[in-house]
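Paired with chain B in one complex and with chain C in the other, chain A is shared by the two complexes that follow.
What follows is the complex of A and B.
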């Protein structure tokens, strides 16, 4: 973003009419001045109606109890109090946090590892590997949920059979019927979907690593581990921050994947709500029960949680980046 | 010991044998092997899905992929799933076939993509190449708005749509999705690179501002347009939450919503919704292969300076 201060009468770049005013050009100058506003008009209108107003309105709505969009009563902070004391919400927040922690803790190291394996100059098959690993991301969360609902089936599910062949365990496991295995199942499905997506970011970041620095370090006798920590990590730190923050934000908004994966197990939320997420809880309250007020309150609570976690992460990663 | 375990042990043994012979070759071998195994794991569900779509329910629980050649017959491998899937289903709106949902999804995703391509690139051009009062304010506002998670808007937007009288219409999905801060930002980044001299020259030649955008700028940012189209199309094609909330008539539903329904309808004959899922994955795949190069560069353009 340019930091140039904007004068009260902004000069229009590259318009010679400023220096050579003529009747014809004055008209054009006026038109030119309104042009950018005109170009941004669709954004401004749509954003006002479907973003800024609802955002403001969410705040109002959060203080009302509603039954569908038509009937409402002011209830003050009751919606927030209800949500914060609701065991279902605690369950949802716990599940979502587990998901976020494992997505980041398992997925990102794996994505980075794969990116480093792929990041070789002369590999004819690089394009193929990249495509194969990225391909699951083309499938929407709904479809991933549908596919994995059958892959996790006891006895004939591909995943159960594969695990059975590999380590001799798990052929009859009820991944989606056993409350203790539901979250691992969601994490596995999400891993399949997102590992390649994050790998693409790391791959792009690795191409920005200064090869001269790597060579210099090698000549100075640095080992691969030392090069990784002292050259690669600082170079990819900004992208890593970006990936960590966006993955966290995405993880906390998880809904479509578990809702479809568990469609036939606990009506989308898993046995005894073992796969309920915060957005799932919002959906249940706002659209299944018709209480938009509680939905708005959950929305704000989630926004607040995401905001705090993102700020902490940016601080943390920022300080690590500046140390090295 | 089964064949999978033996196969993996052989792969590991080759690595151990290679180490004393040539370290660099052993590393190269390990790298390739790991990548190949990962790629195989990632592609497995796709292969499985294609096989499942063509298998009868009995064959489904018997074989992981296709039955052995000796067992392949019209009884095990057939188009039964597709026949059930594509047969007209009675609804309140009269009989509806699966193709209707495919058409709905195609229409919605294409409409949103074309409209948002136009509005986002137009907005991006204004922010990249004009200086005007309020530009910085708009930029900061857009950046801030991107940090707000969309779910907070779900409940209030439901009411906005309801009050506008847009429930059960495609307007409810197309118009809020017609332009967004993220898309404008992508185009702004791409258009910053267009030299100002080109625009000046066009102005001196008497081009009006809109024609400069349409015939000069847009062709120059074609890679970004390609990436944007793919991101936008896949976003709408895969969308579940909004269509599920706003659409009610059965004949207006989109593929994700209908396939979610079918999971309940065809609990026993899950080959039917798997066949539907396979069909639903074809259009994004075609678009991806057409725009692959643009997509990867567009994805990372926000995060990595190149």
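What follows is the complex of A and C.
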């Protein structure tokens, strides 16, 4: 209590300072208050320089056309209007949506199925299979793109050879040269890569299902299907929501896989742009055509689309989970 | 004295200081003694060229008392970094080798904004213009201004499996037009069809995506994706002819081709003789020789069949050029270096022997290396046969919209191909014509959005596409 009046009393000129201890105390207090901010400083600086400033600049850029450091022209909403009316953007959005739908519709049930198999009591080879199924995710989309471009090759590709030996069909099938087969090829490659990744989430969720509830349901005469729908699904619903949302966001950000898978195609995204995705369209505009303004506009439109879809999904899946 | 924020931050601070000081000291120390900063930096994306330049540099450096640094950078990385650096006015190398088709990206705006030195006058006043294959300059030009020196000519021929061609009784001297070539090809496919209905041999390797090969064939028929003024020029009757011919060779009953792809699939297809003929620019002849040695003595070369009797028997595929950035520290020295590396006969002879790449300097074709028979190709004098076609390679024009134009041309081609699959020949020409027009108009709309080249008053209306 006595510290406050001493600290606030004016210093007397010519006399040795009597408030040294209190100054020290104030300094210590300041230091202890500022310490967290010093620790946060690197994050704040990095965030400002590499996230907030680019975000702000991208917003500004979306309303301009630029050519080098010297020239820029304000074009208003023109970049957004162009993108929204561009048939290539519609195609990219359609392709990406098809990919997202199949990613969720095929990959996630498969991931859940594999997770349930690996969650069974017999755990002799559990670790091996877990690693084997997860391993494709370790190599990255660029690697998968290159590997699958060889696997899908007509006549000499492993997939066509296998199909030919198995059913006598498909030796000359052009997975990456036929616009109707490009998207299935991308979905197959992505499935190989991501099924194991999502499986790990489901496996973790399944291991946390309350076994007392499962036993109680069994005693009450519930069959496996009934236990799955009434016990397992509600228990894993939060994880499933997370996986659905992150898979959707990841699907809408798809770029490296089709880009590398179709790199031998001179146009870059398959015949008739059949492998063009929204981020591919962004890259094409911003970096191939050198139109950074339109690229920024595509980025904002994509952000908006992902935001809307994610909110709808969270609401839908959340309500399903709570009803269950 | 106690560190006010505790021991952990103190340790982090000490580590940061040690590594910072270490880096600051290590960089100068890691340089060899007598280190001298380079007078010029040349960036390239071709490993073989970087090696050749490095080997040739000591003589040039000694004669000119200078130091040159060659930087090898992946092509895509080089292009995107250069593009970004020029966009923001950051540091760039003094000289840069560019890949064909990319010059347009750098010449997107007004001529005065281009980040490279305009070489038009220099090429003329130095007398270089008369010594080069002038058609190659168009590849590195924009609106009549030349921004890079051509490294090569890249005439295209057909390489063929001479053993199999002999087996089928084909006289390559009679394959003078593409129609005749296709007729013979149908016979080859018919004769080699197995019990499962699949042919063991096709006549030619043609991709089905309508890109490099289609563009090469269009160039042979005098069609450029863009004209010299930078206008879209692929929606015309000549393109309709080539597209219709092409789709009939890759689809349906008349099919004579197989898409062998690149790399190991291409090599395996050649070894198996899956196709008899393959498009072969000069650079590919060397790659085949290096990568498929087992085919020694089984291959030969012939000029492309023409579109019309007596027509052009070659085209062009690929290329790179040397540009001088506006930040070049010593243009005179850089020009001297370019003349030494690109057009010095003492360099070009051995380089042709090592790479088979034909230089655009016409006088170099008289060097002894260009007369050497190549046993791999049955003793053919490769330099001589490619040089005979080199003066006739067609002009090429590129703009910043090359990628989208290629993609749209490919789209029209794929649509025509799907139409042919579904409906056959009936109505194919009209359909291909309409698709080419639609796709070309789309490119025009995208191009006319460029307010720096097309002021808003001149902008195209989306509806008319004009």
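We adopt the following convention: the second predicted complex is superposed on the first by the 284 of 324 C-alpha atoms of A that agree within 3 Å, B and C clash if a C-alpha of one lies under 4 Å from a C-alpha of the other, contacts with A are read in each partner's own complex, and residues count from 1 in each chain.
Convention: a residue touches a chain if its C-beta (ideal position, glycine included) is under 8 Å from a C-beta of that chain, and two chains touch if they have at least 3 such contacts.
Since the model is a prediction, treat every value here as computed from it, not as a measurement.
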For the combined arrangement obtained by superposing on chain A, do chain B and chain C clash, or do they fit?
clash
Touching partner for A:156 - first (chain B), second (chain C), both, neither
both
Just chain B (first), just chain C (second), both, or neither: which does A:272 touch?
second
Chain B versus chain C as contact partner of A:235, first or second or both or neither
neither
First (chain B), second (chain C), both or neither: which does A:35 touch?
both
Quick one: classify A:93 as touching chain B (first), chain C (second), both or neither.
neither
Touched partner set for A:182, first chain B, second chain C, both or neither
neither
Pick one for A:292: touches chain B only (first), chain C only (second), both, or neither.
both
Tell me the contact category for A:244 with respect to chain B and chain C: first, second, both or neither.
neither
Of the two partners chain B and chain C, more of chain A gets touched by chain B
Which stretch of chain C would you flag for clashing with chain B, going by 24-32, 42-50 or 132-140?
42-50
Overlap of the chain B and chain C interfaces on chain A comprises residues 31, 35, 39, 69, 150, 155-156, 264, 287, 292
Would you tell me which residues of chain A are touching chain C in their complex?
31, 35, 38-39, 65-71, 73, 75, 78, 82, 85, 87-88, 150, 153-157, 168, 171-172, 174, 177-179, 264-273, 284, 287-292, 294
Once bound in the complex, which stretches of chain C touch chain A?
4-5, 9, 80, 83, 86-89, 105, 108-110, 113, 115, 196, 198, 207-212, 215, 258-259, 261-262, 264-265, 268-269, 274, 400-401, 403-404, 406-407, 410-411, 414-415, 418, 442, 446, 449-452, 462
Under the touch definition given earlier, write down the residues of chain A that touch chain B in their complex.
1, 4, 6, 8, 10-16, 31-33, 35-37, 39-40, 42-43, 46-47, 49-55, 57-58, 61, 69, 114, 117-118, 120, 125, 128-129, 131-133, 135-136, 138-143, 146-151, 155-156, 158, 161-162, 165-166, 192, 195-196, 200-201, 204-205, 208, 238-239, 242-243, 249, 252-253, 255-256, 259-260, 263-264, 279, 282-283, 286-287, 292-293, 295-296, 299-300, 302-303, 306-307, 310
Per the touch rule above, chain B residues touching chain A in the complex are 2, 4-5, 8, 31-32, 34-36, 38-39, 42-46, 48-49, 52, 60-62, 64, 119-120, 122-123, 125-127, 129-136, 138-139, 145, 147-160, 162-163, 175-176, 178-181, 184, 196-197, 199-200, 203-204, 209, 213, 234, 237-241, 245, 256, 259-260, 263-264, 267, 270, 273-274, 277, 280-281, 284-285, 288, 292, 296, 299-300, 303-306
